[in-house]
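First chain A sits with chain B, and in the next complex the same chain sits with chain C.
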Partner chain A sequence: MPIAPSAAILDAWHVFSAAAEIGPGPYRSTLLLDTRLDYRRGTNGEVEVRRRDTGAALLVIERYGFAWTSLGSPPDDLFSIPEFYEPDRKNMSCGSLGVNVSAPRAVENFLDMGHFPYVHTGILGEEPHTEVKEYDVEISYERDEILATRCRFYQPRAALSADEGQDVEYIYRVPHPYCSVLYKSCPADESRLDVIGIFCQPMTEETIRAHLLQSMIDDENTITAMRRFQQTIFGQDKPILENQYPKRLPLDPRAETPIRADKSAIAYRRWLSQKGVNYGVIPQAA
Partner chain B sequence: MTQTMTDIRHPAWHPIASSEDLPFRHVYHGQLLGQEFAVWRADDGNVNVWENRCLHRGVRLSIGLNEGAELKCQYHGWRYANRSAGCTYIPAHPADAPARRITNRTFPAVESLGLVWSAMGDVTPFAPPLPEGNWMPLRPLPVNARPGAVLAALTAAREAESDVESLPPLGARLVLTGVDGRAAVFFVQPVDSGRAVIRGVVEAESWDDQLSLLRLFNERLSTLRRQVEAEMALEEAPEPLVPVYEPVSLELATMPDLRFGRQAKLRVRVARKWQAGADVTGLELAALEGHLPTFQPGAHLDLFLPNGLIRQYSITNGPGELLSYTVGVKREPDSRGGSVAIADELREGDVVAISEPRNNFPLRRDATRTILIAGGIGITPLLAMAKTLASSRLPFELHVFARSPEHVAFPEALDKLGESVVPHIGLDPAGTAAEIEQLVSGYGFARHLYVCGPGPMLDLVRRRTAEAGWPEEAVHFEYFKNVNEIDLSSTFTVELARSALTLAIPSGKSILEVMRENGVDAPSSCEQGACGTCLTTVLEGIPDHQDVYLNDTERRSNSCMMTCVSRAKSDRLVLDI
Partner chain C sequence: MITLYDFELSGNCYKLRLMMSILGVRYDIVPVDFYPGREHKSDWFLKLNPFGELPVLVDDGLVLRDSQAILVYLARKYDTTGKWFPVDDPALTAEIEIWHDFANRITGTASAARLTITMNYDFDLEKAQSGAHQLFRTMDEHLWFAEREGREWLCKADHPTTADIACFPYTALSEEGGISRQDYPAIRRWLDRVRRIEGFTAMSGVFPASRAREAS
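Up next, the complex of A and B:
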C-alpha cells in the first residue's frame, strides 16, 4: 500500500517528461507518486495531463525543456535557473533514465564528489587523486535551497587542451527535494560555468526516472556528443544506485557513517527532515 | 513436519555457500533469513561473512573488490580488513587515519563438509552435523518455497519405508527415490520466508563417477523443485523477512573525539621472539583468541612491560594481517629500561598487555609516487607502509639506511618487496647527507615522502626537502623520541572549553597530568611529545611548543599543541576539550 506523500512533496512541481517528447496524438502514460497519469500535447500546443484514477486535469508548466505537474497545490513557479536563458548556451535534455532507487538517493549521489575516481574512472576522477577538499555548505532558508560552494576535485581530463590533470571547481544547488543543479568550470570560457541538472521523477518510493539537463558553453561538440557524454556518466552511476540498501534514503544520522566529504549530503538529509519529506526516505524515528 | 516462522528464525548454523563458491579474489553474494551477506575468502584462506552493505552509503559489498587482504567498496574505495571488517582507509580524506572505529557487521563462518556455515544471533559453537569424511557437495538448488515445505517435500520423496535421520534445524539424511538407492544428506538453507536452497552432500566413493552422480541428483532435485513450486503457487506467498539494519554507534554518527587514557586494553602472547637484525629484537604478538583490532599502516601500540614501563612500537604488518602484530625493538645501550627489559626478560609464550593500535603517522594513498626513508629501527612503520603500497600496486621506493648489512632489520620482509627497496649501507654523516640530497631533489606534483629514523636524520630530511621545494604537507615524519630538554617551569591557566573547567597548571606538572587529576581523561601514548596521540586544538592563547610531532606551519598557527610536554607562552590557554 503506497504511503501518502506529505505536503512538501504533494504540493511540489514534479518533472514527468522532456517537453520535446510530448506530441499531439494518443495519450502517453507515466507514473508519478504511485499515481498513473496520461498526457499529450493538445491542439492548442499546451500539454494536458490527467490522473487516470479520478480523471482530474492537473496543472502543467514547461521549464528548462521539461514538463512538470503537481498532484497538490503547487507554487506559482519552479525554482529558477537563469543561465538556461542565456542566448549562447546549448540546452539539451540528455534523456530520461529509469533507475530502481529512491529520488533522494539519486540526488545525494549527484552531490557526491568522493565517488568520481571509483565510478567515473578516467573521466571525472582517477586514482590516486581521491581527496575531497574542504568546501562550504549552507542551507538558505530565504531561498529554501542548499548551496555547496568552493568544491574542487582533481579531474584527469578536465579540458581537451589539458595535458595534465587539474582541480575543477563545482557549485551545487539543491532547490527542490528531488532536483539538483551543478555549475562546473567551463573549459571553453574561464569566466563562465557549465550547468548540469538532475530532475528526478518519483514514480514510486523506490523507482524513479532521472531527467538530465545540460546547458553548456561549447561551440566545438555536437549536441549528440554532449548527450552521449552525460549518458555515459549516468550509466556508470546507475548500477551503484541500484545496489544501495536500503533504497529509500535513511534520515536517521545513525543509519550510515558520514565523513567530512559528505557535508552536503548531511545538510540535504537534515533539510529533508526539516521539510517533513516522508516519500522516498526512511524518516528519523521520533 | 511443517516448520513455523519462529522455528526457522531461531538462531542456528546454516550452510550459506559451497567452499567452491569462494575462489581467491572473488566476492560471493549470500543470503540467510532475509539478510544479505558479502562472503569472501582472503589470501590467507580465512572466510569472511559480512553484512552486504558498506557502512558509508549502503552499497552492496558483494559488488566490491576482494584485494586479498582487504575488501574495497566499489562506490568510494573504502577498505575493510580481513577478519575484523574494520575500515583501514577512506580515500576522500587520504591524510587522515580513520580514527573513528568504523567496523562492518560480521557473522561467524566455518567450513565443514565442503560447505560454508554461518548463523545469525547467539548460537553455540559450531559442531559438524556429520563426521568429517569424503563428502562431496551437490549442485545447490534454489527453490521458491518455504524452507520448511522444502524439507517436508524431501522427506516425502524418499524410498518407500526407508528411514530418515533428522539433522536439525533443517537437515535430513535419507534416500530419495530415483537416485539408485544413494543415501544423501540434505541441508535446507532458509534464504527467506519463501525461498530456500537445497544443499546436499553425498559420500563420493570414487571421484571418477563424480559427474554422473552430480547429474543424477541434479535431475532428481530439479523434478522435486518443480513439484514444490507448483504446490506453493496455490498458496499465498509468505511475507519476506525484513533484514535488520543495525544503527551505527552514536560515536560514528556524531563524530566526537574519542578519548582514551593510556589503557592496556588487550592481552597478547609472545608467539615468537627472534633476532630481526644486529641490534633489533623481533616480537610477534599473537591474539589469545580470534583476531586483533584493525590497524592502519604507520600505527603504533603501547607495550606494557613487566617492569612497569610503557613503550611505543610501530606495527610492521601488511594489510589484513590481524592474527598477530609484529614489532621490532632496538636494543639501546643507554636504554631507559624498556629495550633491555624486552631483550632480557620477555620470553616466547609470555602474555603481555598492549594498547589498541593508534595511528598518528597515516599513509596517504593518493600519491603518484611515495618515497619512504628509513634510518635504523625507523624501518618499522615504513615496512607496514611499503607492504600496503605494494599490495595495492602503488608506486613507491623504500630507502633503508643502516650501519652494515647485518644491521638491516627484517631482511626477509624486505626481500619480498623486491626492487622497490634501496639499501644505503655504512655511510658516514656526510655520505648520508649527500645521498638524501639526491633522493629529495626531484619534487613533483602529488609526491609524498615519509621518513622515520634518528633525530639528526629527520632534521636533515626536513631541511633538504624544504630547500628542494617540497611543500611541508608532503613531508611526513615520525621521531622515535623527543630529545629536547623539557622545560616545566612555567605556570599558567588552562580553560577546557567543552568541559567548562579552568585549571591552574603549576610548574613541574604537565597539562595532561593536571587534567587527569581533575577527572578529565585524554588520550596519550608516549607522553614525551613524539607520538602525536595527545594532539589538542587550541582555541585561544599561544602555546609554548616543546614536542617533535608538529611541523613548523602547525607550530606557527598556534592552533594545536601536545598537552603532554607543551605549555603556554601566554597567561592563559583555551583548549577544545
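Up next, the complex of A and C:
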C-alpha cells in the first residue's frame, strides 16, 4: 500500500509530460504519486488531465515546455525561471527519462559536483581536478528555496559550445522538493549563464521520470546536438542513480557519511525535513 | 569517409561505435534525435532508411542499415586480421550468424523493456522482461559450458567475433530495462572480457572495465 504524501507534496505542482508530447487524439497515461493519470490535448488546445481512479479532472499549467498538475490544492503558479523567456535562448526538452530511483536522490545527485571527474570524465570533470572548492549554501525562507552559489569546478567540456577546458561557475537553485535549476557559465557568452533544469516526476516513491530542460545561449549548435550532449551526461548518471541504496533519501543527518552528504545535500535534506516531505524519503525518526 | 547516423543512448548504434573503435576505423557522427524528437521517422531520415530505424552507416556513398549487417561489412572491409568475421570456416561463419540472430532477439526483448521504462514506449514490459530472461538463461548456460571447454567467447574460436559485439550492448544495458544479471554469472564474466578487448569504448550507461567488475 503506497504511503499518502504529506501536504508539501500533495499540494505541489508536479511535472508529468513534455508539453510537445501531448497531442490531440487518444489519451496517454502516466503515473504520479502512485496515481494513474490520463491526459491529452483537448480541441481547444488546453491540456486535459484526469485521475483514473476517481475520474476527477485536475488543474494543469504549462511551464518551461512541460505540463504540470497537482493532486491537491496547488499554489497560483510554479517557481519562476525568468531566463527561459529571454528571446535569444534556445529552449528544449532533452527528454523525459524513466529512472529507477527516488526523486530526492536524483535531485541530490544533480547538486553534487564531487562526482563530475569520475562519472562525467572528460566532459564535466577530469582527474586530477577532483576537489570541490568551498561554496555558499543558504535556505531562503522568503523564496522557499535553496540557493548554492560560488560553486566552481574545472570542466574539460562544460557545454557543447565549449572548445577548451575552463573553470566553470555554477549556481544551483532547489525551488521545489523534486526540482532543481542549475545556472552555469556559458562558453558562448561570458556575461550570461546557461540554464539546465531537472524536474522529477515522482511516479512512485522509488521510480521517477526525469524531465530535462536546457535553456541555452548557443548560436552554433543544433537542438539535436545540444540534446545529445545532455542525454550523454544524464545517461552516465543513470546507472549511478539506480544503484543507490537505499533508493529513498534518508533525512536523518546521521544516516550517511558527511563526505557524500556535502553542504548542499545537508541543506537539501534539512529543508525537506522542515517542509515535512514524507514521500521518496526515509523521514527522520521522531 | 564513414558517416554514422547515431543516437548516443541506442545500443544498436553503440555496437558500431564499439566495432569501429576496436578496428581503429575513423568516422563522423551525424546525431539523430531519436528521443524525444523522433527524427528517425522524419522525411529526411526515411529517405535514407525507409524502415525508419537507426543506425545507418554511409561509407563512400554506400548506404547501409541493420546493425548486424553493418558489423559484417565493417569486419570484412576493415579488419586486416580476418578474425572478427572469418569466412574460411563455414561452421564458424554459421555460428556467428546464429548469434547475430540472437542479438536481434535480445533487442526485441531487453531493449524493448529498456525503451518502455526509460522512454515511455508502449511495449508489454513483463513480456519483454521475461523474454529477455529466457534468452539470458540460454546464453549463460552456453557461456558456462564454453568456459568449461576453455573458451571465452560466444563462438568456437580463440578470439572474439562480431557475435560478441552484436550481443554485448543490450546485455550490458539490461538493468535499465529492469532485467537483473544476478543469476547469470557466466554472462557477467563474458561482459567483463568484452570490456577488456583492446580498443573497447564505453557509452552512457555502459562502464569500461576498470569501473565495473561484474564477475565475482
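The rule we apply is simple: the second predicted complex is superposed on the first by the 275 of 286 C-alpha atoms of A that agree within 3 Å, B and C clash if a C-alpha of one lies under 4 Å from a C-alpha of the other, contacts with A are read in each partner's own complex, and residues count from 1 in each chain.
Keep this in mind: a contact is a pair of C-beta atoms (placed from the backbone, for glycine too) under 8 Å apart; a residue touches a chain by one contact, two chains touch by 3 or more.
This one's a predicted model, so the numbers in the text were calculated from it and none came from an experiment.
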Touched partner set for A:21, first chain B, second chain C, both or neither: second
Chain B versus chain C as contact partner of A:235, first or second or both or neither: second
Which superposed partner A:225 touches (first chain B, second chain C, both, neither): second
Contacts of A:114 with chain B and chain C, given as first, second, both or neither: first
Touched partner set for A:97, first chain B, second chain C, both or neither: second
Common interface residues of chain A - those touching chain B in one complex and chain C in the other: 239
Contact set on chain A toward chain C in their complex: 18, 20-21, 30, 93-100, 209, 222-225, 227-228, 231-236, 238-239, 242
Chain B residues touching chain A - in the complex, by the definition given at the top: 36, 52-53, 55-60, 63, 74-77, 90-95, 102, 245, 247-250, 252-255, 365-368, 394, 445-446
Complex contacts: residues of chain C adjacent to chain A: 7-9, 31-33, 35-37, 39, 117-120, 175-176, 178, 203-205, 207
Residues of chain A touching chain B in the complex: 108, 113-115, 117-119, 127-132, 164, 239-240, 243-246, 250, 252-261
